[in-house]
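Have a look at this one.
Per-chain numbering from 1; labels A, B, C and D assigned in written order.
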C-alpha cells in the first residue's frame, strides 16, 4: 500500500517498444540514463507457471498404496498431463517475455561494480559466480547423499562372493549396492558378446566416454566463441557468423550429450543384426537397473553356452538405492545441461542477428562460466557414477 | 514422583543458577541505562551523545577492554558449563555388559515390549504375559496390560536397582519412548537399532506414563504405555 | 498506460489458460473434507444419486443399551440391479458410524481402517465376493455412553463391469442422545482464511480509493494493480513482500488459535487428530517460510538499496521473480488443507513418515511448494549478494556499512549456502512420493537420518537467517534512539560473522536423541555451547550503546527494549539444550516450544515490529500514531509473555509437543500434574489476546498510512544513507548518475596494514597492471 | 579481455593446451577403468580409485583455472576467493552428512569420555 501520490504517469518517454530496451537503460529525462524499474510480466508468469508445473507433475505421478502386499503402486496417469503442459507453457511464455526484453541489449550499458573488492568487475559476472556458489552446494548435497549411502551399503558383488564362499544362502531381496559401473564399465553379466573394436572395453562404456568428450569439446567451442566475439579484427558479418557457428556446435554437442544419456538410459544402442551385432550396448532399463528393481536377479557367473546363469551363481538383490542415487544425480546434471541448451538456443539466434559485438561479448562469457561449471560437475560425476 | 531424572535435576539447578545471574546482570544493566540516560524533554542531547548527520559515518564508540571482558568471561562460563555437562555423558552412553536387555519395538500407534527372558523356557509366552528372572529367581521384568483412559495399553514392570539396556527399533516410522520419571528418551529409527542404558533407583518406585515423543502420524498422542518400577 | 490493444492480448492468454485448466481433469477430491462428506466416505461406482434406490438398515433397537451388540441387516431395493440376468455384480454398500465399533460376521463384508464397513467385492467383475448380492449383515457394538449416527450408502449396479449406469442413495440414521453439533475445525479455518483474504483485498481497494477519492474509477484500479503485479522496483516489491508476510502472519496465527482451542483442556475433541496434525504443520511452515522470511525480505528490499546508496538491486527482474515464487509456493503448500488431506508431517517433515502411506496425500504438494520457496530464496540470495558486493556507494568500504545491511549480508549468505541442502532433501522426498525412488524407503535401505541431516544442515542456519535481520534492526533503532553510535561496531560485525560460521557446525543439537553417531553428538555439543558467545557479545554491545546517550522513547524504542528482554530470555533458555544429559529430558517437550517462540516471536517479530515503526515514515511518508503504538506494545508484550512463559514450566513437567491431547496424573500412573490443564487454558486465552493486539498494528499501519501527518526525510535523526533521500523515496532511490559519497565524522588514518591486512589487500584489490607475472 | 603477454602456456594457446590436456586425461581415465574390469583381479580397485581421483583433480583445476578465467585475469584473484568460499561449508557437509552413515561409529571414542581422564 504505497501511499505516495501516484507518481507521474509511468509511461516510458521515448521507449520504442514495450518489450525493450534492456532493464538497465531507463531514461529519467534530462540525459540521465540508468538502471531502474521497468515493468515486466515475466516474473509473475514464470512463478505461476512453475507452480502449475509442479501441481501437474504430482498429479501425473500420483501413486496409490497397495494394501495387499504393503507397497506403493507407481503409475503414470498420462490423462492428467494437462496441468503440467499448461504450467510449462506459462513458464516458457514468461521466459520468452524475459528474453524479448533482453533482445535489444547491445552492451552499451553493462553495469560495473562500484565498491571494492569487486571494483569495476562486470556486475552480472559477480551474479553468475554467486549462482555457481549455490550450484556447488546443490551438487555437494547430492554427493554427500551418494557417499553416505555408498559407504553405508555393502557391495552386492562382494556380498555374493563372501556368502557364496562361506556356503551361505542369500535371502532374496536383501538391499545391497550394485554400482552403475557394473552395468556400464563392466558391461553387466553378458559382457562376452560385446565384440567392440577395442576388445578390452565393453560397448556400454563407449556412449559414456563419448558424452564426456562431447562436453569437453563444447567447453572449448564456447571459449572459441568468446574469443572470436572479442576479436575486433574481424568484420561484423564474418564475426557474427563465426560466433554463431561456434555457439551452434556447442548446442549440437550439448544435444548429443543429452540424447546419448537418454538413449543409454532407456533405449540402448545396437548396430548390426541382433544375434551377432557389431556394436551392442543394452540400455540400463533393459538391464533392469531401475529405481523399482527390488528383485534384481544378479548373475555372478554367466554360462555362455546355455545362455543362462550357471545354477547356484545367481541371487535376488534389492538394488533400488544405487539406481535412485545414480538417476537423480545424473538426472540433475542432465537438467542443468538442458537449461544450458535452452539458453544456447537463444544465444545462437542473437549471435546470428549480430547481438554479440566486441562490446557485448561479455555476456557470452557469463554463459561460458555456467557451461564450464556444468562440465566441471560432469568431471566429478562421470568417474564417481560411471567408472567406480 | 517428578518429571526428569536426578542427572537432569542436578544440571537443571546448575543452569538455573547461572541463568539467573546472567539475567539479573542484563536486566539491571538494561533498566539502569534505559532510565538513567533518558532524554529529559525528548529533544535534549546527553553529554556524550553523537551528532548524527545522514550520510556521515559517525564517530567510533568502542572500548576494547570492555569488549574483551564480555567475550572472555562468557567463554569461561561456557567452558565451565561444558565441563559439567560432559560428566554424565559417560554413564549415559556406555554399555553395561551385565545389563538386562529389554526390547522396545514401536509400531504405528502402539508399543511392543519384550523382556528378552535370559532362558526361553522361563518366559511363558501366553499372549502379552512375558517375564524375565535374574539369577536368584526374582522377577526383574514383566509385561502385562493396563487401562489408560478407556484403552488397554501395555504395562512394563521393572525391578529397581536392576541395570537395564533398552534395545529399540521401529517397524514403520520414527517414534521415541519418553521415560518421564527417568528423564530420558531416544528415537526408535526403522532399520536401525538405538540403545538406552538406565538403572532405576529405589526412590523411583511407582508407575509413570510413557509417551511417544517423535511425531509419528495420526495417533501419535494416544500411543502411550505405563512403566512401573517395583522394589 | 497499458493500451486496450495489449489488454486484449493478456486477457486472451489468461482466458486460454483457464479454459485449458478446466479441461485438464482435476485431482480426484477425497471423500472427506469441508463439505462434510467425511461421515459418508464412499466413492460409489455410479456418478448419480437416484431416489429409486431405497437403502434400509434394520436391527437397531428403539432403546439403546450402552455397550450392547446388535446384528444389523443392510439391504436396498430398486435401481438397475438384477435386471440384466448374467450380471457380474448386483450392488455394494458403505456403512459409517460416528460411535461404537462395526465388525463383520461373514467374509461378505470387510472393515476399512477407519472403522467403516463395505461389501467385500474387490472389483466389479468379482463374483461370490459380497458384491453380487443385495443384502449384507454386520455386527455393531454400541458405545458405553451417548448415541451414534449412521450414514449408509448403497449402490445398485447393473453389473456390466463398468461404472456407468449404476445409481446410489444415502440414508442417515441417528440413535440415542446426539452430541451437540460442533463447528468443525476445517469449516472454522476455511471461513477464517476467507475472511483474511477478503479483508486484505478490501483494504487494498479501500486504500486505492482513499488515495484520491475524486479520481476513483474502476478502470484505473487495474493499472494500479498491474503496476504492482509487474513491478521490479525494490520499493514496490518490498511492499508486496510486507503485505504477503503480514497476511500469512495472520493466517499462521489463526492456525495457532484453532489448535490452542483444542489444547485448552485435556482430552478435548474440538479437532480430530488428523486436523490437529495438519494445523500444527501448517502453523510452522506458514510462520517460518511464508510470514517471517517474506517480512525480512520486505525489509531487505526496502532498506538495503537505500542504506548502501544503490539506485536499485543488482537484478531487478530476478527480485520480482523471487517475490512471486512465494505466493506461487503458498498455493501449493495449502492445497489439500480444505479437503482434509493437507500435509500432516510437522514443519520438519521427518522421513520416513513423510514418504509413508500413513502421511496425508497433501504432503506431496506441500513438499513441491517448499521446492519453489528454495528457488525463491536462491534467486533472492544471488540478487542481494551481488548488490552487497558490487553496488555499495563510493567511499563505503566494508567497515562503513550500516549494521542492518551487514546483518542482511550475513543472513543472505547463510541462507544462500544452506538452502540447496534443503532443496535436495525436498527433491528426494518429492521423487520418493511420486516416481518411486527409494531415498527414504526403509525396506530398500533408506536412512531416515539422511533427511534429518540435510534438513537441519539447512534448519539451523535458517533460524539464524531469520533472526539476524532483527539484530540489524535493533542495532539501528537503539543507536538512533539513544543518540549514540552503536557500541563496538567492529566487534558487532565480527560477532555477526562468528554466528555465520558457527551456525553451520552446530545443527547436530536438533538430533541429539535421533540415534545420530555419538561422535557428532559430542562435537555439536561443544560447538553449540560456543554459539552463545557471539550472541552474548551483541546483547552486551546493545546495552552499552545506551550508556551516556539520551534515549528518546518512541514505539520502536519500546519494541527494541522489549526485544532485549525477551530475546535474552530466549537465548538463555536455549543454552539448556547443548547439555546432552538435559536434552534427553527436554527434547520434543514444550520447553523447546517455549525456547523457540521466545527467540522467534520475542526476537524476530518484536525486532520486525520495531523496524516497521522505525521505517514506516521513510517508506510511506506518513508518521505512525504513537499512542496507538504504545497500546500495541503494552498489550502485545504482556499477552506475549503470558502465552509463552508458562510453556517453560509445561516443558519441564514433560508435556510432549505436537500432541493432540495430554494426560493428567491419575492414581494408576504419574503424568502431568493437574495444574498443567490450567496453564494450558491460560495459554489459550493469552494467545487470543496476543492475536488481538497484533490487529492494533494492522489498524495503525492502514490508518496512519492514509491520514498520518507528513513525515520529514529524517524523522528520528539517523545517520545512514536512507535518511538522505525524501520519504517516500524517489524512483530510482539514489540517482545513478550522482550516487551519494560516504563521508566520515572522524578520519582515522589507517596505518600500514599488518600481515592480515596485506593478505586481504592482495586478494581483494584487482591488480591494475596487466603485465602480471608469467605463470 | 584480449590481453597479451601471458595467454600462452608452453608455447601453445592456453585454451587449446587445456583442451588437449582434458581430452588426454579423460582417455586415460576411461582406459584405466576398462582395463581393470576386463583383466579382473590383476589391478586392485584402490589403484583405479587413486587414478580417478588424481585425474579428476587435474581436470577440475584445468577447467576452473583456465576455462573459467580464475587465473591470469585482473579480476581473477577476487573471483577465486569467491569460488573457494563455499569450500568450508562443503567440507563440513561431506564430514557431517557424507561420512556418518549409521553403522560408521556407534560408540564415543575413549579419549572423548570423562572416565578416561579420571
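Rule of thumb we're sticking to: a contact is a pair of C-beta atoms (placed from the backbone, for glycine too) under 8 Å apart; a residue touches a chain by one contact, two chains touch by 3 or more.
Predicted, not measured: the structure shown is a model, and the values here were computed from it.
Asker: A-C versus C-D: which interface comes out with more C-beta contact pairs?
Answerer: Most contacts of the two pairs: A-C.
Asker: In whole angstrom, how far does the Cα centroid of chain A sit from the Cα centroid of chain C?
Answerer: Distance between chain centres: 32 Å.
Asker: Would you mind pulling out the distance in Å between where the CA atoms of chain C average out and where those of chain D do?
Answerer: 40
Asker: Measuring centre to centre with CA averages, how many angstrom lie between chain B and chain C?
Answerer: Between these chains, centre-to-centre, one finds 27 Å.
Asker: Rounded to the nearest whole Å, what is the centre-to-centre distance of chain B and chain D, using the mean of the C-alpha atoms as each centre?
Answerer: Each chain's C-alpha centroid was found; their separation is 43 Å.
Asker: On chain A, where are the residues touching two or more other chains?
Answerer: 117-118, 121, 126, 130, 133, 137, 141, 144-145, 148-149, 152
Asker: What positions in chain C touch 2 or more of the other chains?
Answerer: Correct list: 417-418, 421, 445-447, 449-450, 454, 515, 518, 522, 763-764, 766.
Asker: So which bits of chain D are touching at least two other chains?
Answerer: 75, 78, 86, 89, 93, 97, 100-102, 104, 107-108, 112
Asker: Linking chains that touch, what shape results: line, ring, star, complete or other?
Answerer: other
Asker: What is the complete set of touching chain pairs?
Answerer: Here the touching pairs of chains are A-C, A-D, B-C, B-D, C-D.
Asker: Within the complex, which stretch of chain B touches chain D?
Answerer: Interface residues on chain B, with respect to chain D: 86-87, 89-90, 93-95, 189, 192.
Asker: Could you list, by residue number, the parts of chain C that touch chain A in their complex?
Answerer: 1, 6, 10, 13, 17, 20-21, 23-25, 27, 203-204, 207, 211-212, 224, 226-227, 229-236, 239, 243, 311-312, 314-317, 320-321, 323-325, 327-329, 331-332, 335, 357, 361, 364-365, 368-369, 371-372, 375, 378, 381-383, 385-386, 389-394, 396-398, 416-421, 423-425, 427-428, 430-431, 433-439, 441, 443-447, 450, 454, 619-622, 701-702, 705-706, 728, 731-732, 735-737, 739, 763-766
Asker: Which of the residues in chain D end up touching chain C in this complex?
Answerer: Interface residues on the chain D side: 3-6, 9, 71-72, 74-75, 77-78, 81, 86, 88-89, 92-93, 96-97, 100-102, 104-109, 112.
Asker: For a test of understanding, state which residues of chain C touch chain D in their complex under the given definition.
Answerer: Those in contact with chain D are residues 417-418, 421, 447, 449-450, 453-454, 457, 501, 504-505, 507-508, 515-520, 522, 762-764, 766-768, 770-775.
Asker: Going by the contact rule at the top, pick out the chain D residues touching chain A in the complex.
Answerer: It comes out as residues 1-2, 15-16, 19, 22-23, 26, 29-31, 33-35, 37-39, 45, 48-49, 52-53, 55-56, 59-60, 63-64, 67-69, 75, 78-79, 82-83, 85-86, 89-90, 93-94, 97-104.
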